[in-house]
Structure formats: C-alpha cells, structure tokens
Amino acid sequence: MMRQQLGRILEALRSGTLSVEDALDKIAQIGYEDLGFAKVDLHRRQRRGTAEVVLCERKAPEHIVEIVRALDRAGQNIFCTRISPEAARYVMRRVKGLRHNKMARTLYKENHAVPRKKGLVVVVAAGTSDYPVAEEAAVTAEVLGSPVAQLHDVGVAGIHRLLSKSELLRSANVIVAVAGMEGALPSVVAGLVEAPVIAVPTSVGYGASFGGLAALLAMLNSCSSGIAVVNIDNGFGAGYFAHLINR
Amino acid sequence: MMRQQLGRILEALRSGTLSVEDALDKIAQIGYEDLGFAKVDLHRRQRRGTAEVVLCERKAPEHIVEIVRALDRAGQNIFCTRISPEAARYVMRRVKGLRHNKMARTLYKENHAVPRKKGLVVVVAAGTSDYPVAEEAAVTAEVLGSPVAQLHDVGVAGIHRLLSKSELLRSANVIVAVAGMEGALPSVVAGLVEAPVIAVPTSVGYGASFGGLAALLAMLNSCSSGIAVVNIDNGFGAGYFAHLINR
Amino acid sequence: MMRQQLGRILEALRSGTLSVEDALDKIAQIGYEDLGFAKVDLHRRQRRGTAEVVLCERKAPEHIVEIVRALDRAGQNIFCTRISPEAARYVMRRVKGLRHNKMARTLYKENHAVPRKKGLVVVVAAGTSDYPVAEEAAVTAEVLGSPVAQLHDVGVAGIHRLLSKSELLRSANVIVAVAGMEGALPSVVAGLVEAPVIAVPTSVGYGASFGGLAALLAMLNSCSSGIAVVNIDNGFGAGYFAHLINR
Amino acid sequence: MMRQQLGRILEALRSGTLSVEDALDKIAQIGYEDLGFAKVDLHRRQRRGTAEVVLCERKAPEHIVEIVRALDRAGQNIFCTRISPEAARYVMRRVKGLRHNKMARTLYKENHAVPRKKGLVVVVAAGTSDYPVAEEAAVTAEVLGSPVAQLHDVGVAGIHRLLSKSELLRSANVIVAVAGMEGALPSVVAGLVEAPVIAVPTSVGYGASFGGLAALLAMLNSCSSGIAVVNIDNGFGAGYFAHLINR
Amino acid sequence: MMRQQLGRILEALRSGTLSVEDALDKIAQIGYEDLGFAKVDLHRRQRRGTAEVVLCERKAPEHIVEIVRALDRAGQNIFCTRISPEAARYVMRRVKGLRHNKMARTLYKENHAVPRKKGLVVVVAAGTSDYPVAEEAAVTAEVLGSPVAQLHDVGVAGIHRLLSKSELLRSANVIVAVAGMEGALPSVVAGLVEAPVIAVPTSVGYGASFGGLAALLAMLNSCSSGIAVVNIDNGFGAGYFAHLINR
Amino acid sequence: MMRQQLGRILEALRSGTLSVEDALDKIAQIGYEDLGFAKVDLHRRQRRGTAEVVLCERKAPEHIVEIVRALDRAGQNIFCTRISPEAARYVMRRVKGLRHNKMARTLYKENHAVPRKKGLVVVVAAGTSDYPVAEEAAVTAEVLGSPVAQLHDVGVAGIHRLLSKSELLRSANVIVAVAGMEGALPSVVAGLVEAPVIAVPTSVGYGASFGGLAALLAMLNSCSSGIAVVNIDNGFGAGYFAHLINR
Amino acid sequence: MMRQQLGRILEALRSGTLSVEDALDKIAQIGYEDLGFAKVDLHRRQRRGTAEVVLCERKAPEHIVEIVRALDRAGQNIFCTRISPEAARYVMRRVKGLRHNKMARTLYKENHAVPRKKGLVVVVAAGTSDYPVAEEAAVTAEVLGSPVAQLHDVGVAGIHRLLSKSELLRSANVIVAVAGMEGALPSVVAGLVEAPVIAVPTSVGYGASFGGLAALLAMLNSCSSGIAVVNIDNGFGAGYFAHLINR
Amino acid sequence: MMRQQLGRILEALRSGTLSVEDALDKIAQIGYEDLGFAKVDLHRRQRRGTAEVVLCERKAPEHIVEIVRALDRAGQNIFCTRISPEAARYVMRRVKGLRHNKMARTLYKENHAVPRKKGLVVVVAAGTSDYPVAEEAAVTAEVLGSPVAQLHDVGVAGIHRLLSKSELLRSANVIVAVAGMEGALPSVVAGLVEAPVIAVPTSVGYGASFGGLAALLAMLNSCSSGIAVVNIDNGFGAGYFAHLINR
C-alpha cells in the first residue's frame, strides 16, 4: 500500500507536476491518520518492524478508544500499555476482541499473525513485588513474537534459589532481570550466563531507595559485563529491547 | 582441558575418595590462577564466551603486568581498558606483542584467532569530544569479533548531518549511540532504525550537565523504544553489549 | 490618570508643602489598590506593558474573586492562570464575561482591545501528554496580542513528523518547544530554524524523569545555540517570554 | 553558491540521471567540508543566519587550527569560545588576524562585515567574579552584530546601585542578567523593565551553591515574568540568544 | 519550687544519706512529669526562659490533650504549633481558654503574664501564598513577648513595593523574611537595613522549586551579610529565634 | 528432616542412579514449598538461625494468608512486618493464634519456643514521632529471643534527659538508636557507652529533612566510633541486626 | 560629609535647578568611588553600621590592593576575608599596617576605633579540623567590636567535654556553633543555653558528607529551638550575624 | 589512677571543702591533657574500652606528633588512621616504635598488650581496587584484639568465586563486606551466613557511581536481613564496629 502511494508521488516528481519540497511533504504524510490530538503511525510495521504501542498513562479513555479504533480499522495489531483498570473496561466495552492482562496493565488484540522467533527470552524477577514490571516485560516480548519464560522470587538474599535455575538461564538468548531495592540481581545473573542481560530497576523499596534510584544506580554501576539498563519500572522498554535482540 | 580436570574430580566423588563438599570446592578452583591480589579467570572463554578484560583504572602497573603475563602464559587474548599512557608504556616494555590505542586507552594482544561475526555494529557519536568513548566502544566490539563502522559529529543540533547517513544506520545489526550534553542522539537514532540502540552518556558538558547526569537521565527517559543505557563514559560496556547482541 | 496624580505630588514637592521622602512614598502608592491580603498592581500596563496576571494556584476562590473584581473595576484585562475547575466555576458565577480554557486552566476577559503583533509564535509539543502546558503557553501569548500556531505530537522518536513541518517552523518569529521525558525536542527544533527557541520542560514521564528534572537538564545542556529555558510545566512563562520577544 | 550546487542536483533528478535518495544525500553534503574529526558547517550563515561558532573546550589546539583554517578559507567570520590562553597563543601564531579577549576567552576574526542591529543589548552582572561570564555574553552579542552596554557589580545586596541605573536598563531591547550565589539579580531586573531578560547563573559561590545549582534553581523559579534561563556559566548562549531576539 | 527540691537533695548528699550518683539522677528528674509517651518539661521556663512548645504534627489528638493538661496543671503558658483544624477542635473541647489561629495553625493559652519586650520584630513575606508561614512566625514571636509588625506581598518582582516600606523595615530590631520560589527577598531586605535578617524559605512554588529547595539554597548563598536561615516552612523557628535576639 | 532428604540424594549420587547436576538441583529444592507467586523458605531456621520474616508491604492480603499458612503447616514461628490494619484483620480472621502489635505493624505467632538470650538490647528513640519505628525494632528483637528495654523522648535538644539514663544505656549489650530530623542521637549515645550502636534514621521531619535523608546522612557521618546504620524507617532491620549481635 | 552633599542636591531640587530623577541618581552616587571593576561602598559605615568587607576569593591581588587603598584613603577600617597566603603577602607589601591571621585567612587594619560591645560571643567548634572556620567567625565578630571567647574540640562524641564548659556557654549573649560531619553540635548546645545559636556547617568529612551537605541538613532540621544556619564554611557570615545580634 | 583522683574529689565534696558544681568540673577534667588545639582523651580505655584513635586527615604533621607523644607518655597504645605517606615518615622520625601499614594508611604502636578475642572477623572485598579500605578495616579490628581473615576479589560478577569460600564465611563471628560500584556483595554474603554483616561502600567506580553513592544506597536497601552500613570508604568504622560485636 505504502509502496504504491510512494510510487505515485515519485512519478509526479519526475514528470514535473510536483516540486521536490512538495514531494517530501507528501511522502512524510503517507503513513499518518491525523486524529487532531495524536498522530497515529499506521505504517510503523513496515518502517520499524513492530506495531505502534499505545502508552495509555495520562491519556483520556475517549482518546485511547479513538486511537485503538484507528489501528483496528487499519488492520494493525493493538497493544496498549499502562492502562488503568477503569480505562481498560471503558475501552473493552467499545472495541471488541481485546485481551486484558491486569497484572501487566496491558490490552492486546491480534489482527494479523505475528511471526514467532526461535530464541528464548527469560524474564527473572527478584521479589514478588517486582512481578507487575516483570509481567509487562514478558507480555511485551510475547506480543511482538518472542517465546518467553519467567522466573520469580530469586533475589540475591537467597542466592541458591537463583543458582538452582542456572540451566534455564543458560538456555536464554536474552535475559530481562527485574529488581527493586538494591538492584543486585542483574549483576549476579550476568556473571552466570553468556546472553546479554537487560536490567530493569523497579520502584519497589522505601526510605533510601528514593523511588527506584538506588536500584537504577546499582545496575548502571554493575561490575559484570553484558548489562544495559532501562528506566525505572520500564517493563515495556525491556521486553521491546529483548525482542529486538531476539530477532 | 577444563573438561578433563572436571572429569577427574567427578570420578573421585563417585569412587568415594572425595566428599561432595570437597568436590564442589575443587571444581570451583579449576579455572583460577591465584595471584594473591587478584583472581585471574583463565577459563572465562569457555564459560562466558569471551576473554577476561583487565580494567586498569586504579591498578598499579606492576599488578597489570602480572595479570597480563598470567593471561599470556595461558594463551588467552589480552585486552586492557582504561590504561593510562604511562602504565601502557610500562606494560609494553615488559610484555611483547601488545598494541596500544591511545584514544581508546586500550592494549590488545591476540594469542588465538577470534571468530568474526557477520552483523555490523555502528558506533555513532554526537560531538568530537565524545570521540574517546566512542573509540573505546568500537575497539571493544572489534576485539571481540564484530565488524564496526563509526560515524562522528552527528549531534542533533544539525539533524540533516545524521539523516544523510540513514543508509549506514539502517545497515547496522546493532547501534551504539554516544552523546554528552543533552544526550538526545540515541532517541533520534532509534526513531530511524529497526536495530537495538545502546545509549552511552558521556561526561562531556559543563554546568548543569553534572558530569554526564543530564545525558544519562535523558537517555533513560527516551520517548523512543528500543534503547538501553550503560554507565556514563562506559564505552567498553556498550561495545561488549553490542557484541553479545551481534553473536 | 497616573500622570495626573504624579504631577500633583511633584508640584507639592517643589512648592515645599511636601518633603522629598513623603513624595517618594506617595508616588509608590499611586498604582496600588490594597486589598489587605494582596497588593493588586493596577498600573502595570503602563509600567510593564502588559496586564497583571493572577496566578490562582494556592489562592482561595474568594480571594481570586476580589482580585478579579478590582482589576475589572479598573478596566484592566483579566487573565487568571493555573485555576482549578472548581475555582473557575466559583469565579465565573460572580464575575461576568470571563472565558474559561479548561485545558490551559485559564480565565480571560478583555476589557480593552489589545494591539495585535505581526510576528508569529509557533508552539511545538513533543507528545499528547504535553498538550496542557503547550496550550497554556499558546493562550498566554494570544491574550497578550501575539498570533499563535500550534504543532503537536512531533517528538524526536519520529523525526520525520517534525521535519515535514519545517516550513511552519521557519515562518515563526519565536518558537516555544514543549517536551517531557528526555526533553530533546528544543535541540532538534533550534537546529532547523533561525528564530529563538524557548524550551519548556514538562513533568511528563516516570521513574528517572524525577518530575521533569531529566527534561530540564537536557534543555539546559542543549548542544544547539538559540535556546533558553523556563521552569518545569511553566507554559505561562514561555508564552509571556515569547510575546516579549515578539513585540 | 549553495543555490547553484543545489540547482544542478535537482536538474539531475528531474532528468533521471539521479535517484531521489542519491539526490537527498548529495544535497545534505553540499555545505560540509569534512575534516575527518569534525564536520565544519560552512554555509550555516545562509541556513541559520550566523557563522558557526567553534567551542574550543576539550579540543586539541591542532584541531582548532584546522577548523579555523577551513572557516578562513571559506571566507567565514571566525569566532572561537572557551579557548585557553595556551591554545589561543598556539592558534594565533598559525592564523593571522585573530583578536583575543582574555577575560571572555574568545578569538575573533571578521572576514566579512556583519550588519549592525539597532536594538541595545544590556549585560548586567551581580558581582566582580561574574565578570568573565558577562564578558563572554557581551562579546558574543557584539560579534554577531548587536550593540552592547555593560553594567557590573550591581548585586541585590545594594539594591540602590541597580536602581540608580534604571534609565540604562529601560533603554535595552533585551537584557542579559548574570549572577552567581543566590542568583536574585534577574528577578529584580525583570521587575523594572519591559524587555525580556535572559538569566545566566554562574558557578560563583561556595558551599551550598553546589557549582551554580543554587543560582540556576533560583532563576528558574523567579517570581518575575519575562525571564528565561541558560546553562550555568553559559555566557555565549545568553549573548547568542540576546542577538536572536534583537534581530 | 525547683530550688527547694534541689536544696533538699544536696543536703542529703552532704549529710551522707545519698550517694553522688543517686543525687545526680534525682536532680535530673525534678523538672519532668513523665506521661509515658512523652516527657513534658515543666521547668523549661526557668532553664531556657520560654515555655515548652507542643509540636502537634504526627501527634494523636488524645496525646496532645494529655500534654496540654499537664502544662495547664503546672500553670505554664500553652503554645501548640502545626495543629490540624480537627485536632484543634478536639483539644479546645477538652481544655478551656485556648485561642486558635487557623492561618498560623496554633493554639495558645496564657496562664501567666509574659513580659513584653521593646524591640520590634518585622515579619516580611514575598507573596500571598507565603502568608501562613509568616503568620506562624509572627504569632510565635508575639506569644513569647515581642511586638510584631507584618508586611505582605512585597516580593522582588516589584521592588518599589518593598522600597516604599523602608521606614518600617529600618525601625525593626530584627526582621523575619519569608519567601518561596527564588527566595530573593531576604537578600534585598538585608541590603536595606542594619538589623539581623532571619530568612525562612517556603515550599511555595512548583517544578524546579523542589519543595522549597530552590529558595533554601538561594538564602544560604545570599550575597548580603547579616542573614541566617531556618528550615523550609519553619515559621515557628524563625519567630522563636527572632524573639531570642530581641531579648 | 532436611538431613534425611539430603542423605537420600547423596546416596543416589554415589550409587550412580543420579548425575551430579541432578543432585545439585534436588538439594537446592529441598527447603522450598513453591506457592507459585513466592518461594517460602521453610528451613531457613536451620540455615540462617531465624524464622523467615514476611514483609507485607505491597503484598495482597490473600497472598499473605497463603504464606502464613504454609509457615504454620511447617510448624515455623510466624512474624509479619509492615502489615496494614486492614490486612492484619483479614489474616487474623483466617489464621488462629496471631498477635497484632498495631504500633509496630506486626503479627506474631510462636509455634515453637525461641531460646532466650542473656544480653540486653536497649532501644532509644529521640522523639514521640519516632515511636513506631522504635517499637518495630523492639518487637523484632524480642520475637527473635532477645530481652529488650525501651527509652523514649530523649532527643539531644534536652541532653540531660538522656544523661539521666546512662546507667540503663551502659547495661546494654547492643543499642538501637532511632531518630528523625537531625539524627544526632546515635552520635551522643555512642559517646556514652561501650556497646555497638545501630542507628535508625526515620522519616520524621519536614522541609529539608527530605524524607529522612538528613538524618541518614548525619548518622553515616557520625564523629563517634561504634555506629552502623540501616535504611530509613527500617526498625525491623535494626532489631534483627541487634539480635544477631546479641547471640 | 554625606549629609552635606545630600543637602546640596535637595536644595537644587527645591530651587528647580534639578529634576527629581536627576536628584535621585546623584544621591545614589554620593557614596561610591567607582574603580571600574568594583563599586567600593565608602559610606557603608553610616548606612549599615559596619565597614565594607572585602571578599578576596576569586579576586586578583592587584584588584584587592586597589580596593584596600580606596578604603584606606577614605579612612575606613579594612577587613579582607578568604585571602590566600600569596595574595596576603602581595597586599601587605603594598599597604602598610595590615595584620594577617593565617588560620582565619583575614587581613585587618583599624583606621578608626571601633566601639566595643558588652555581650559575649562564644564560638564553639566540634573538631580540630573545624578550627579555621571557627577562627574566621571569631575574628569577624572581634573586628566589628564584639568580645569573643572560643571553645574547641567539644564534639558530641564526648558530650562530657562540652558539658564541663556549660558555665562559659551560659555566659554568652550569642553562640556560634561550628561543626562538620554529622553537624550535631548546635542541637546539643541550643538545648543547654538561652542564647540564640548560629550554626555553621563545615565541609569537614568524607564520603556521604558530600562537602558539608550532611552537616547543613542536620542543622536545618535541628530538634532544638533557637538555631539559625549559615552557608557551609561561612565563618564570616556567622561572626557578622553574631555581632548584629550582640549590638 | 582515675579512681584515686575521683575518690579525693568526692571526699572533698562530702567534707564541705568543695561545692557540688566545682566537684563536677574537676571530675570532668581528670582524664584530659589539654594540648591547646586538641583535647586528648587519655582514659578512654577505662571508659570506652579501647584506646583513642588519631584521625590524621586534615591534621598538620606537627600536631599529630604532639598527640602521639602525649599518648605515648601516658602509656597508651597508639593507632593513627588516614595518615599520608609524608606525614607517616615525619611522625616515625620523631616517635620510636611505630609500625606503618601503607595500604591501610595506619601507624600503630603497642605500649601494652591488648587482650585477644576468640571470634573471627572475616573481611571480604569485591574487587582489587577495594583492597585499601578492606585493609583499613582488617588492621583496625586486629589492633583492637580481634583475629581477622581476609578474602579478596570475590565480587558478584563471578559468584562461584565467593561460593567456593562459604566455609570460611560461615566460620566468621562477624563479617565486613567491602564493595564499590553496585555494592551487591553484602547482600549476597548476608544470604549465605548467620553472622551479622557490616557493609562498607567504597568510592571505587566512575560516572553514575557518584563517589560511592550508588554502592551506599544499594547497601542501605539490601533485601537481605542482617546488614548494617557505615560511611563510604570508612574501613576504620567497620573494623571498629566488628570488634565491638566480637567482644
């Protein structure tokens, strides 16, 4: 589709019915359906290889519905993150076929099959309170086409719990390690495996954890090689990055 | 080698000449040559897939020499990072065959051929002052076996410089984006490509850059998906992570 | 009016019926109507060139009404910012002719025509969540007399959205660039235009955005020239500053 | 010149001897002379309206010379900032006609006349220690074509010093207010004038000034309208922004 | 009373019926009435010269009542600070004769006349939002015996408002200057008077004011001499300190 | 029990019916009862010497009940911390024999007698607002088997209150010193006694206390020797550490 | 002198030979001798009651000499603070009669007798490393006319050292308490005396003292009443404030 | 000795030749030898159980010599910490019998035998760069009378190195765990042992380690129980605290 539209513009340019500048503008606008309040990127799949993700935090439920409908009309897969339970209910009553993951705070609808990758993404979480962020990472990677395995409650305070799962860790193509408090899990995991480790600090903690800052700094300063870090509580970013590696 | 040693221990365990606990200790010690001040990991190549890297910052030159010699004796490749010009000279006079990259502050000696990967690592740097960190990333990925291309002085203040190189960016399997000051380069790059982008904040800047903190925070808060971040000025970590992805 | 009062005081001084000190005090008090809890500056238009703005945050609705009435009695234009929906309703029931902009959280009443400027102020916002701050900036500049155009959802993650609007950007006399998260938009915009760019960081983001600190630091450290920054979420300040430039 | 080169490319595109993509790349490269380590922007004057400025901090003297020579060959005006006394001497011995301002740490050479603006830029500094930053702002605005007046040692501890100069302040088209320590000067100045005020925090102070952070925060939180802020010690940025307003 | 008790203990020591250690313990316990959860200091007036103040924040209403009753029984003046409207109502229903200042969040009951001082304490506040903190300072100094005058809405954005009141400022024996946002008021005031200035930062502001941190840092870094600072929003501390100076 | 299970595995290994790796995995899993969402450590008493503690913050009441039941079934003592009043009621209705300490926010059930230690733990708190944290520390140490004495409202503002209790302080085997605001209590206490002092900063305070940061930094920088610090408000951690010392 | 000049201007105003505005400017300029780089305030003694103090940090020795000479010519007392040993030697060779206090880093010359106050200023310092800051405070108060007593090495780690000096502390009219590290000294001192306590945090410490931040925060959060704080290491500010109280 | 002096004073009090107040003062002064610049605590051994330690940082070599001599004359053991190589040489030339540990930066002289404790202190360090801090901790505990074992280069990046030493760790009565960068070592160690763990963050690291802040925050937020923390690089404090526990 995009190819056809683009072809028509270029021919107009060559034939002289269009100036270069006008051509550039037209090309840039092919992929958008302008909803006034937000520019929905309908052809992102072609350009970036994945469907556009709708970050619902701070968005009004009515706006989410409009964006979701636009994606639905275009036959795109729909993936909403950080959606509140209320907004999820609101949207699901208006758009059919969405699946809601409460723990991960996501909505998903598959309008076309996503190709499945072979490499395994393992999501490891330090404590039970880190579970929602881990789940967001896992759901994201799965939705994009990566097989995912999860491993919970394996914080460094009881290192033998983690060690007893080394085999699973070593089978991963990429690991997402989620931890709050002192954020030591990614360092230990990266010392056990060859795969790259994506570290996700969480805001789990109190006092001098300063909303996840302690875990974030710990992960950035890891003495292990093979670690890169995403924002505090950014399970989506970690799952997305894991899938990019996995391709 | 390691396999043979391990085999001998397990047979001793089964035959009853060794207790389980003693067996575990012996296994753990197979791969080390204890130098007193540092435990050199000689079999890391088997376990982690890459040679151990010698971080030279804060190490006395005499100690670096001892570690380098131990690796040399074991037939390992030698890769020293963050080595001062003085320490580099000191070590090179005592160990033969080391190559010194002044800009990247590295020493390298290849005692056995490293298998070359196919995927391209592109290292992009915002300003000329970010060059040393970019070079450290590039050298690291190369030494580990990844082909690397570099692109300098393409900061977001002149976005057309970057855009004119989109083809090179799109040919990358993984991108390392290095920037100080406002650290916006990785966000823009990640919006242009499908490959994962490893963001490296640098301490380039003054005043409210607070030693790279501004760039670090910007990168962690990127509105683009597909970005993960390493520590300020950690070119090595980015190059290492890029290579892990590239395998 | 002010001129006449001042003239009378100076004549009293010269004629000896007033001491210099008494004269100074009287002059300073001409322009105020003292409401006890707040000194309303009724002659600001003469001195500063713009009507006094009523910042409503932390003010009790009854006090806002009294200030608004004093301005109304003096024939001044009335411009209230950061007013809550409840306070807005309260004030509008008591003072006639006020227009309420919910998104921008402002009230406005034009008691005398404001001279319109020729130069265009373009307000650019990175994401849909930045819209309220952008709207506050736009309304402020408009109320003061500047023509304003707005451009939304043009964050740096999809740089071609922004580039396709270069013509509009280049037609601006001054640009207000609003962005949360990594705050990279002003840097990219300033690299595209000749006009001065006023950067407004917003508190949009989570985790390591620390309430807008990440965006603020990024904007202060911009590698582009031609950028100055206002406080986090300070749409009013940016719109006001843009209008001052535009005069 | 640039126009002619561009014309030739577009004709090639229309005539079919060039693909659209190749055309875009060629256009982007017209204005650069690639020095390997830095891309010098020779046609910035056409695009941005001002000559490119060479930030010398962290640049090797030999590289500065190469960049300066490239600008010189292209007949551009040359303006180097943050140049150390040693680097300045090194460059001046190799390129003729440069003027050195030690206080402002700048080098300047005018290869073609700059059109002079009419509006006055007034640079105000709080204390004698703020003088170098104020001078950098003043020199920058002057070099770009703005008339500049300076006013020193008028900190808020002796408010009458500042008030006695109100006439000069009121004659300004734009004011640059430079202050360290508590950074209160811009707030007071902005209350006295109609012109926009660009606030420059300096690192002057000790203890809880935290390298200029106290002054920066104060300026961002000013209770006066009409203030925008640049980075700590960024005299150049303020002077540049003042000139953009002044045009 | 205390004297009599002390006399008895010392005589016991001399006469040998008491050891030195026991004597010390008994002396230390004279002034307390132990309520279990809090040690009320009933003789503070003798030792420190002022009645004990009851900080009500985080205290349960029932506990406040018990403490207030103990002070009442001992014939002490009662001064409660930071009391919520609900707690104030609760306490006033149970203890007679208390006066409630809602703005200052205080309760007061004078059980014995306080000697009045001669020197004037002037409390100056920058904006109307700073009024509660200023009122707390004023009430505190008054309750302790100092005459107080207040001056509101004299922020540095309109410096002439402040200057028109110089006479009042110069008549002060000590000044309390209260300001949020950029916190510049104390610097300007201290430049106008000979009296010591106690600076009180408030949490008034948003964005980069970081809960009063900006104002606090500004006040600590004042370029004026004769300023000392108390904690953010600490009106009580400033009023208390002002009274100590005034004695 | 654990011993018997372990014995069986090792015999299997020796007899050749189990590989070494399988043996290791089986050993690691002996002590867990996997509840899906959390791995309960039932044999911690053998390994670490104390029962596992259930941190209830951020845990759903249903999950707490499941964990508590698993511990109950295994005959373990049950100790829940940071439990909300609502969750406590929910759990107590479902599991018999739990005692609730509201101030300390703990639940406790003793399924087997804990051996009592001889050394005394003294918990000292600076102000009445620090009481909940002090109580959490005291309950923790008691539950684990240490005798505890408490001393409240002995902040450094009235140093004689503390000094009058020196005898009690000197009788302690280990002291827990709890303080918010300026956090000076541990320094003074450590200067009076020979016992180690565990310092607990609390979030009591306002303004520049920054949620307990001021007290935390003060305690870390104590000029007294013999002090170690736990996280802000971490009464449990201090009580636990005190008991470890006391053994 | 100033009176005579002022009289002449006012007469000119009344007689009509001068406009009001011109009169104001002339009045403001009476007290200055403009040195170009710094406005020396020669009549400060009349207005503020104390001689102007020359802060030498960041000033070139030649400029210090010029300022000192201008004060000397005007018959003012000369007090230089924060002067380096080198600058002190340079100035003393050029201006006669200056006394140098190396520890306090001050120069002083008394050109006219300063009236001596009766109240005692006691300067207390926690550790031997705090001595220079304490000495600066002491010298400042003495030079301005206050009797000063000093008390060193009385940190709270050995509280009995401080208590054994209670008599001296109680004889003070105002106390300056200087401490680094945890900054607890002012809290303890203020609990012992009736006099106001000026707290001076010092940068003495390491690690988490963050250049005096820990001590500063502790002092701002003191649980004792009657404390106000100056900037880190600001001995001069404390001595000056103490003298203002003492008058 | 102290007992005899005290006895004489108390008899004087009872016999009436001394007032109570004079008695208190005399008692307080028994233990000091006042050197003018520092009060040396000669009887600390009686009161606190350990010799006074001389912190040499920021002390002039001459002053160290005087303090050391006073301790020597009193027959005390001498322990100097944080002494520079230059100061150490200066002191050793003037006082005989001192042993210098360069790595730990200590001087020690044993004038009387210290009783040896039975419990073992194990000092564990993550990396070779943490060695000096670990050595300071080890020397401190040894000098005070505790047997010490050290374990180096056992960071969490290679967890098997640490696990292979579990037996040594489990034999400890108290463990000091020293780590920079992400500071994860104490969490892992505390999960393996029953003994209390004293965590020492070090300033080893770069970028976002912020001088040891990352490690400090990680340790304070440990998910393991049984950890308490000392200041960054405070090896002495950890060794001292370990010895107090060990008694």
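Just so it is clear, A, B, C, D, E, F, G and H label the chains in written order, and each chain counts residues from 1 on its own.
As a convention for this text, a contact is a pair of C-beta atoms (placed from the backbone, for glycine too) under 8 Å apart; a residue touches a chain by one contact, two chains touch by 3 or more.
The structure presented is a predicted model; accordingly, all values stated were derived computationally and were not measured.
Note on connectivity: the fewest steps through touching chains from subunit C to subunit H is 2.
Taken together, subunit F and subunit G share the touching chains E, H.
Two copies of one chain, subunit E and subunit G, touch each other, and the residues they use overlap strongly: the shared fraction of interface numbers exceeds half.
Among the other chains, B has the CA centre that is most remote from the centre of subunit E. In terms of their C-alpha centroids, the spacing between subunit E and subunit H amounts to 41 Å. Between the Cα centres of subunit B and subunit H there is a gap of 38 Å. Remark: subunit C and subunit D have CA centroids separated by 26 Å (rounded to whole angstrom). Counting partners per residue, subunit H has 158, 163, 207-209, 213, 216, 220-221, 225, 231-232 as the residues that reach two or more other chains. Residues of subunit E that touch subunit F in their complex: 24-25, 28-29, 32, 37-39, 41, 57-59, 63, 201, 203, 211-213, 216, 231-234. By the touch rule above, subunit A contacts subunit H in their complex via residues 126-127, 155-159, 163, 181-184, 187-188, 190-192, 205, 207-210, 213-215, 217-225. Those residues of subunit G whose C-beta lies close enough to touch subunit E in the complex are 47-50, 53, 194-196, 198, 216, 220-221, 225-232, 236-238, 240-241, 244-245. Per the touch definition, subunit C reaches subunit A in the complex via residues 128-129, 131, 152-154, 158, 160-161, 163-164, 167, 204, 206-209.
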